[in-house]
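Paired with subunit B in one complex and with subunit C in the other, subunit A is shared by the two complexes that follow.
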Partner chain A sequence: MDQAQGIKEQLRQFILKEFLPGESPANLTDDTPLRTSGVLDSMATLQVVTFVEEHFGIEVEAHEAGVENFDSLNSIAAFVAQKKANK
Partner chain B sequence: MELSTAIAPGTVQGTVRTSVGHVDPRIERARPNIYRFSALVAQLGLLLAVFRVYHVEQFRGPDDLDFFAMCCVAFGAFAVHYWLPFRFKEKFWVIVSMASAALFLQRRVTIALFAAGFLFYLIAASRWSFRKRAAIATTVFLAAMFSSAKSEWFVHLRHGLSIPESFWPVFGGIFMFRLIVYFYDLQSAKAKPSLVEFLAYFFILPNYLFLFFPVIDFKTMRVTYYRRDIHESAQQGIFWICRGTVHLLLYMIVFHVRDMLTLNGIRSFPAVVAMMFLTFMLYLRVSGQFHIIVGLLHLFGYDLPETNHKYLLSHSLNDFWRRINIYWKDFMVKIVYFPVYFRLRKKNDFGARMLATAMVFVVTWVLHSYQTFWLQGRFIMTWQDTLFWSILGSLVMVNVWWELRHPKRRKDTSWAARLRTTASIVVTMSLILVIWSLWSAPSVRAWIDFLTWWHPRF
Partner chain C sequence: MNVMEIPKAAQTISLTDYLEASAKSFPQRTAIVDPDGGLLSYQDLNERACRIAGFLKARGIVLGDRVGLLLPKSSVTLTAIFGILKTRAAYVPVDYSAPGARAASIFKDCEVRAIFTNSSGLGLLEKEYGSSLPETVVVCEGDTVSVNGSVVSWDAVLSHSPLREASGATPKDLAYILYTSGSTGVPKGVMLSQENATSFVDWCSSVFSPTENDHFSSHAPFHFDLSILDIYLAIKHGASLHIVSEELGKNPRELAQFVADRRLTIWYSTPSILALLAQFGNLSALDCSSLRMVFFAGEVFPVRHLKALTGLWPHPRYFNLYGPTETNVCTFAEVPSSIPEDRTEPYPIGPACAHCAPLVLDPEKVEVQSGEEGLLYISGPSVFQGYWNRPKENAAAFLDRDGVRWYCTGDVVREDPQEGFIYVGRRDRMVKRRGYRIELDDIECALYRHPGIREAGVVAGMAGSEHTKIVAYLVADAEPKPGVIAMKMFCSQNLPAYMNPDSFVFMDSLPRTSTNKVDYQALMRSMQGTERGA
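On to the complex of A and B.
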């Protein structure tokens, strides 16, 4: 499992547990829209931000917490990988 | 929100598999299909018939065909846009939108609007530092704001510049909020947006008719452009246009029933409750228009999120805030909540959340007056307005505090849980009806008189 896939799996488990209890993991694909479909509201996004910061050792800024970086597992994983690479 | 209701089947991004790494997947998502196109066009034709037969949005009389004409233009443009190669699609939509300004607005208003738009674009696209560009754009915008004032000197100035009075509400309707979003996103943009992206964001066809417009997010608009297959996106848009039409038809009924109730007088508790409900339901016009606006944009590949989500089923005030006018909530989260919270969270996470929530409601209160200034030409700061936003903000803060202390862990589908949810909906909506009636009242005194219907008044 590569780094991006590992990030996505951890995020998938976290989102399923916290925001989609009882949902089948198969329904949460790498491209499922999270912010723009209402799965994650602003509070939930903050929880994901905290999770990402604690688990992957990065720091997220206010303007980075928008749809561009937090709308799908793919976009979050890409954002985390980019932040880690820039550290 | 559950995945099954949040995301319709097939809405998933990137479903296209391509062996060529560099091919834009949106080209595949825009691939035409004559049968599916015919089905979409047939539905749009039926919608036009409904608009005409039921006089949808014809409030100025039977000759008021602006809405119908706008839909004819948009649906006709869809029929052409659909068959164009992907690289021409957005340019075509921009041309249609801008040409429509000449159709629905006075010529001088259109020219002044385009001049303002190009001036803002030149500022945004210049090589100056971001701070300088933002400062110049703010200065230009404030100058426009002051020059729209009613004082004699400015009236003479506007007359001298040949700027018609009808220009200002349209200018405000287009730029008052989206310019803030645009510059906020520009600050962190990896590349400067192109002219087409700028024009597609600001000069949106329905905006010339609907000045009270959803605050569309620039990044969301770009991220969701051809995010999924055009047939699914367009079908979603048609569904929202249908829903918006139902809202507008219900609005007409609500409007007339409310009028009749007002004429008969409010002389009983059920009449008070009915009046409160009908007053709140006037919001159907806003939600109806917003559904139609975003539905129309879906036809052109902008797979934007929902603007209002079943707000009558809100089970808490926080939930209500999340469901009604979602674009406004997202706008506030972006420009107020996140900046305040991220700045303060390391010192005190709970305090940062509370302060950020409070700031959202203060800014919302101020910006509502700012919006009234642009759309109606005067700043309005009433006690009802202040009380409404203070009460709603305080209750939402209590709700945030409660949700932080009692996080929802498991989906409970028992009958007891369903009953609890039903009771929560009834309590929440009752509370909303009361404070909404205060907000809509001509004065606090009039609202108290309305609530104390048993007292004789002269």
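On to the complex of A and C.
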């Protein structure tokens, strides 16, 4: 499993457990919209940001926590990978 | 100041006047049709009621005494009710399917002096009462193995000499006590007088004008206030009342067949039952053309189901009747039988009935401007006397204003100049989440717009966290059920984000109370149980 795929799997498990109890894992695809769909509201997004910071050892600036970086597993994983590369 | 005209009392004095008048005008017509098809004429119903009254009087039952009923619905139960009323006592019907302990606790609470039951009911009561049963227990069905001097058979009661002289009833006589679930889980007895009931029934006559040719459904159990319209409006007009048994009442396929076979003309039930009929009643294959009026009450009718029903039954007139047990129906609205395709808002509850005066107040008890939300208060001759032996609740239920006694319904409404009152929600179904005020019914309305959702019940609570959590319990229309992400997306398209439920739980059916409303207490327990287990 490559690094991006590993990040996505950890995020998927976290989001399913915290915000989508009862959902089939297959329904949360890599490009399922999370913010624009209502799966993550502003409060839930904050929890995802905290999870990302703690698990992947990066810091997320307030302006980075918007829809452009946090709207799907793909976009979050890409953001995390880029952050880690720049460290 | 706006001087409000408080409606005057009705002309009828007591509920037994209706039976006595119809027994004179239509002695041979059928008053009651039993679930098994057995018929009881007006003359026989009145004669039997007189005999029961004679028996009860001989047993010392007098004005103001309470007499309990623990029986399935039948002409026997109705005959007992009229017999009790003829002695100027009050009847206390309880849910026959509820645990015996609940029935006994109600009978003990209002200290009934006599009980009508059957042999299995007697068994339950003996267990609860021990050796201290009330002094008279009539066993209407089954064997009467007397355990002590108090147990009497139905045959013995019916062979008693009748009480024929006028009862001397007055409008203020207590007629019946209906126990409703209290918010604390202990049932409380709503006391209703002769005048409370007759003012409502006489109003129904003036608006709906039934005749002796009508065939009424009796779907609601007798401990539910919908039964007051069924029983007394039918009897007043010399019509026939068709009793729906408890079992039949829950089976939409057979119930629809019953409506067709009995050629019913007037139907009254909760929206839940009508929604079931529309979905599973196979109505398109049945001839229900005799139906001319359909009344519904007790909860909001989701438009999706109302639309389905009116599509299948386009011919009757539909009326939404609103009111708590404490006032019986106090507002009403006719619903068009052709509902616009794009309509998703539930219909208004309409203007106040002519025998009721409405008042909408804010939390500081100041009258709101027309169009603003506030709590609905009702006054008039149909407003109940109070809760049995509950001084604290009685003090909280009524507001004295300019010498008039107003009952606070606890329902939030808004007045529309054209449509009358619009039901906004229960005061106690209002929650706050992240500072926003949320009506849980509002979320339900949105969920009902989803094509894959048949039923929705939404509850909210803190459930061990610092945030209000909202859980939507759903019943899907078909497999596969919509996924949680799909439901979240749907809600985000139909509701503000702060109203999007935290979780969605699919069930085979929603829990219901004995009166067929969604049982929110059970959903709350389910939610709290899930949270604890998590």
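A few notes on this one:
Just so we're on the same page, the second predicted complex is superposed on the first by the 87 of 87 C-alpha atoms of A that agree within 3 Å, B and C clash if a C-alpha of one lies under 4 Å from a C-alpha of the other, contacts with A are read in each partner's own complex, and residues count from 1 in each chain.
The criterion applied here is as follows: contacts are C-beta pairs under 8 Å (C-beta built on N, C-alpha and C of every residue); 3 or more make two chains touch, one makes a residue touch a chain.
Predicted, not measured: the structure shown is a model, and the values here were computed from it.
Overlap between subunit B and subunit C is detected when the two structures are superposed via subunit A.
By the touch criterion stated above, A:74 is placed in contact with subunit B alone, subunit C being left untouched. In the superposition on chain A, A:46 contacts subunit B only, with no contact to subunit C.
One of subunit B and subunit C touches more residues of subunit A, and that partner is B. Legend: residue contacts after superposition of the two complexes on their common chain; A:63 is shown touching subunit B, with no touch to subunit C.
Of 253-261, 343-351, 361-369 or 379-387, the segment of subunit B running into subunit C after the two structures are fitted on chain A is 253-261.
Of the residues of subunit A, those at positions 20-23, 27-28, 32, 36-39, 41-43 touch subunit B in one of the two structures and subunit C in the other.
Looking at the complex, you find that subunit C touches subunit A at residues 434, 467, 483-486, 488-489, 491-493, 497-498, 500, 502-506.
The residues of subunit A lying in touch with subunit C in their complex are 19-24, 27-28, 32, 36-39, 41-43. Touching subunit B in their complex are the following residues of subunit A: 20-23, 27-33, 36-39, 41-43, 46, 60-68, 71-72, 74. Per the touch definition, subunit B reaches subunit A in the complex via residues 1-4, 6-7, 11-15, 184, 187-188, 217, 219-220, 223-224, 227, 303-306, 309, 322, 326, 329-330, 333-334, 337-339, 341-343, 353, 400, 403, 409-411.
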